[in-house]
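For clarity, chains are labelled A, B, C and D in written order, and residue numbers in each chain start from 1.
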Amino acid sequence: MGKFQLFPVQASTLAPEVDHLLYFLLAVTVFFTVLIFGAIFYFAIKYRRRSENELPHVQHTGYTLEILWSVIPFGITMVMFTWGASIFFTASKPPNNAIQIYAVGKQWMWKLEHLEGQREINELHIPVNTPVRLTMASEDVIHSFFVPAFRTKQDVVPGRYSTTWFTATKPGKYHLFCAEYCGTNHSGMIGWVYVMEPMDYQNWLSGGAAEGSMAENGKKLFEQLACNNCHKEDNSGRGPNLVGVFGKQVQLAGGGTVKADEAYFRESILQPQAKIVSGFEPVMPTFQGLVTEEQLVQLVEYVKSLGPKPGAGPVDNGQKPAPKKSSNAGSTPANR
Amino acid sequence: MITAAAQEREHYLNASYGLKSWLLTKDHKRIGLLYLATITLFFFIGGAFATLIRVELLTPQGDLVSSETYNKLFTMHGVMMIFFFLIPSIPAVLGNFFLPMMIGARDLAFPKLNLLSWYLLVVGGLFSLYAMLAGGVDTGWTFYTPYSTTYSNGYVVATALGIFIAGFSSILTGLNFIVTIHRMRAPGMTWFRMPLFVWAHYATSLIQVLGTPVLAVTIVLLFLERVLHLGIFDPARGGDPVLFQHLFWFYSHPAVYIMVLPSMGVVSEIISTFSRKAIFGYRIVAFSSVAIAVLGFLVWGHHLFVSGQSLYAGMVFSFLSYFVAIPSAIKVFNWTATLYKGSISFQTPMLYALGFIGLFTIGGLTGLFVAALGIDIHVTDTYFVVAHFHYIMVGGALMGYLGGMHFWWPKMTGRMYPEGWAKLSALVIFLGFNLTFFPQFILGYLGMPRRYHAYPEEFQVLNVLSTAGASVLAVGYMIPMIYFIWSLRYGKVAPANPWGATGLEWKTSSPPPVHNFEETPVVTHGAYDYASLMAEEVEVG
Amino acid sequence: MADHAPTETLALRVQFDTEAQQKDAATLGMWLFLVTEIMFFGGMFAVYTIYRSWYPDVFAIASSSLNQIIGALNTGVLLLSSFTMVMAVRAGQLGQRKAIVIFLILTLLFGGIFLGVKAYEWNQKFEEHHIPGQAAFHLDGVLPGDQGHAQLFFSIYFAMTGLHALHMVIGVGILLILIVQARKGRFSASYYTPVDVAGLYWHFVDIIWIFLFPLLYLIDRHLVK
Amino acid sequence: MSHPPEKTQIDSVGTYVKILLALLVATAVTTAVSRVDLGAFSTVVALGIACVKMLLVALFFMHLRHSTKLTRLVVLGGLLWLAILLLLTLTDFATRGILGVPGK
């Protein structure tokens, strides 16, 4: 029957924060449940009907009590809201020093790929005490990346990138679930997250049979798909030079700018005409249907590796929020 | 079902006979009974699915049925219970029967439309049953795209069409109620003399009228995408699956209040009657029903916190969600305060009503957990949510429905049910319910995702507990079914007002005459005026 | 009141006390139904708003492929039908039985013309391969990567005009019933509620088109050369 | 048949004709204006004219100006709920990407 538990392990920096809020809510719940149940039992016994003809005489005037028991609970709920929202905000914003890992969900497995090129299916190896940022895509339906021990969950919607992050705090082996119903074998779309000491993680990374880093594989694809015929590094191609572009604001034809992030590259490969870089003709064909989400993330990673901070080190994700209304020409929202 | 005593008097049940007199009836009371038969059938079908689900989850391996079958089971359980049982339950049965009587009307404003509503529910139900027998549908009752439009092989269209048709039944019922309440009140029945049951139904009808059409159009778009490949939500064409979720929950969140508001109305009637005391803060309780209906439309995005909606929208919807807590809290506190210095008797309806308050309190308070963004990340799409909404929809709505059935059964049939058995069943249901669903809170926080056919071994103990509770619960639901039917023939003949209640429906005979009242009542005082009721009784007696 | 062998009339059903109460109830009922219709079309307006704001350029091109002049003329036809409908209601108010029939037939006629023109426009779309979901879909002036967005426009176009047309067809059915009843002389100055209420429905469907026309045919027209 | 329902207000044919003409003119105007580049205002103008047309139809053809307060309340309620649907949906769609993180 497996080991019986009443409370999940805390294995991320987020977990204790979520649990503390839970304790607060539990306390409120217990208090009000006891209050209501207690009052009901007390009144029910004390004021039970003693004769068939008795008629209670109680005058209730004014709304003092009602005001009291709507204002006080409302105040308490506002604490819940603020507290919950601040945790949510933290959980939504990956720190800048997070290591980047890509995940692709498809019926019914999780495919994960490290920058160094290690690929895993339904298993994710990560170092302890290191922020990890997951950029996720789906090949088919909506999935949801859920690690209970980390108290983290994010739906992966097809047609765009989704992001989540966590810092594991305890080495060990933790459940990975798909939490959004995705079809026949939904309950089989599960796996394990292995949290390792940094040394073990380095060993794990260098072991195994990785066929080149993601960026290298992306480069191969880049050449196979003949992207390099137009996107030349000496600015002589029909397409923009991609060196050093990642993370920067790009001038668009017809005015406006867009931040060159993962979502923009993904969109530019699939819908090249959506946001044309200023000074270029809309001549690039679409690669929709020609590349899988897995190949896409490799291509994106390759272009990222050409960015200001080349290589597989910590990734600059552009800390500043994209300026509002960054693109007035934009016919496609990049950050959907 | 006709006794010697009742034979002499004509009432709605013996005014005419034969199948035709039922299938073509325009009498709101008979239509209420038609609904009762229909939704009872749907309830037991939905219950059968629930039983299979719980039995399957006894073991972690998923070895009783295939995962394909399991997915169909929970989908059909949800579809049957929500669209064909809970949403029609109290409004279509008890509301239909008693709303006109409580305001002193001879019938609803549009009796033919009322009959049409019933036929629509039946036709919708038949579509869904057809889909079930033909091979089932496995999308979950939420029909999320693109799974439902592109990937599912089940009978999505037939099921969705069934829901679409049943939706019109719901819309027309709500429309009928609103017009009836506005235009058909007896002389002297002012808004603030109306029973809270009527107020609750007014609020419910607002949701049915304003929300259901959005579900209808969402289903139409789903249909167009699946059958005609219009691809409105198709990410491959730049569509957004999250937009579907917005439209779906615009209706489906308020739909929860369609289920629970009428229950609150029933509970208000029962608590008042069995405390022999006006509801504490009548006006506030009346307004809180309308407030819940209105605020309920502003919070749907809390189903989408991790679905890829924007961070900002998440915060807005979380904030707004907490506003629903105020009118809900007021209701619970005011019911409890009604007991204070009352004259409380513990007949079966009262047991259900008190059970409702307890379970709704827990359901409501756990709603605060899922509305808190930080916690919802962890518990959404887990058994925590499953437990939470069952506390509201079964612990709340269904307890209210059963309480109402016991309260008004004597009026509807002219017969009393056996009190001892009824009390026993109320107790069994309360205990069975808690044993079934309380462990699921813990399971959810441990991280067991919902809609899982197989699960990790460490979750087994709690699942076994839950299944054990479900068996108790199943027994609890069977008992009333048996003694209600038994009482039709063998029950004691019911007097006009067995509980000493104040509503107009108790001023007419049991069962009521065809047009409800021998004479149109003239209302001279507010609901729950026990002093004048007892004074009248003294005069009469 | 509350007689047990009630003598029901069309103008006074048994559940009502007065004819005015019955008429009020019918009118309120229809207005409530129209509110449900607002929400029904509202779902589609939401879809339209979001996609239009995401893909304004492609939507402008797709929108300009519709024939504006035909759209405008058809709007005129529908407005005419609304006029004849309100004239039928007026005839009801005055108890002019013949005029009711004539104006209802005129309304039916204009409604029919509108639907005919709509059918012609749809047929054009088929010939131009502007049918979303078909492999042959192609909209000139839109680059290959954006054809999906153009498909979205036409999906919305067909869904909205299709559901509008469905409402028109239902309206035509109601008109046919009313014409038959009116010819039998069922309506008078004291009982013309069905005409009145059907009029509300007909005008509402007209109002939906009043919005569909600019949303689908006109907005951002100027962006396309 | 008894007396006709009280206080039915009957508008003149002239009123209806005037409204029809106004509607037709508005249709012509909105069609013509759509070819003129008014920038962001083109949408505003198109929808503004549509709203005027809606008001004309509702007030005159649907007799809203003679109707009860309750009927007007029903109409306003319907429009308010439409606004809720559109605005709260837009809280999401108008703020996608504010965090500068894909999917937030």
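What to note about this one:
Just so it is clear, contacts are C-beta pairs under 8 Å (C-beta built on N, C-alpha and C of every residue); 3 or more make two chains touch, one makes a residue touch a chain.
Predicted model only: the values in this text are computed from it and were never measured.
Of all chains shown, B has the CA centroid lying nearest to the centroid of every protein CA atom. For the pairs A-B and B-D, the count of C-beta pairs in contact is higher at A-B.
Ranked by separation of Cα centres from chain D, the top chain is A. Per-chain CA centroids place chain B at a distance of 36 Å from chain D. Centroids built from CA atoms put chain D at 14 Å from chain C.
Computed from the mean C-alpha positions, the centre of chain A lies at a distance of 41 Å from the centre of chain D. Each of the following residues of chain A touches two or more other chains: 92, 154, 157, 160, 162, 271, 288, 332-333, 336.
Along chain C, residues 24, 28, 32, 35, 38-39, 42-43, 46, 50, 54-55, 148-149 each make contact with two or more other chains.
With touch defined as above, residues shared between interfaces to two or more other chains in chain D number as follows: 70, 77-78, 81, 85, 89, 93, 96-99, 103-104.
By the touch criterion stated above, chain D contacts chain B in their complex at residues 70, 77-78, 81, 84-85, 88-89, 91-93, 95-99, 103-104.
Across the complex, chain C meets chain D through its residues 9, 11, 19-20, 23-24, 27-28, 31-32, 34-35, 38-39, 42-43, 45-46, 49-50, 53, 68-69, 71-72, 75-76, 79-80, 82-83, 85-87, 90, 93-95, 188-191, 199-200, 203-204, 206-207, 210-211, 213-215, 217-223.
Residues 96-104 of chain D are the ones that touch chain A when the two sit in their complex. Within the complex formed with chain A, the chain B residues making contact are 60, 62, 67-68, 71, 138-140, 142, 144, 146-147, 150-152, 235-236, 238-242, 275-278, 280-281, 284, 305-308, 311, 314-315, 318-319, 322-323, 325-326, 329-330, 332-334, 336-337, 339-346, 354, 357-358, 361-362, 365-366, 368-369, 371-378, 380-382, 442, 445-447, 449-461, 530-531, 534. Listed in rising order, the residues of chain B touching chain C in the complex are 105-111, 113, 171, 175-176, 178-179, 182-184, 209-214, 216-218, 220-221, 224, 228-232, 234, 236-240, 243, 246-247, 250, 513-515, 517-520.
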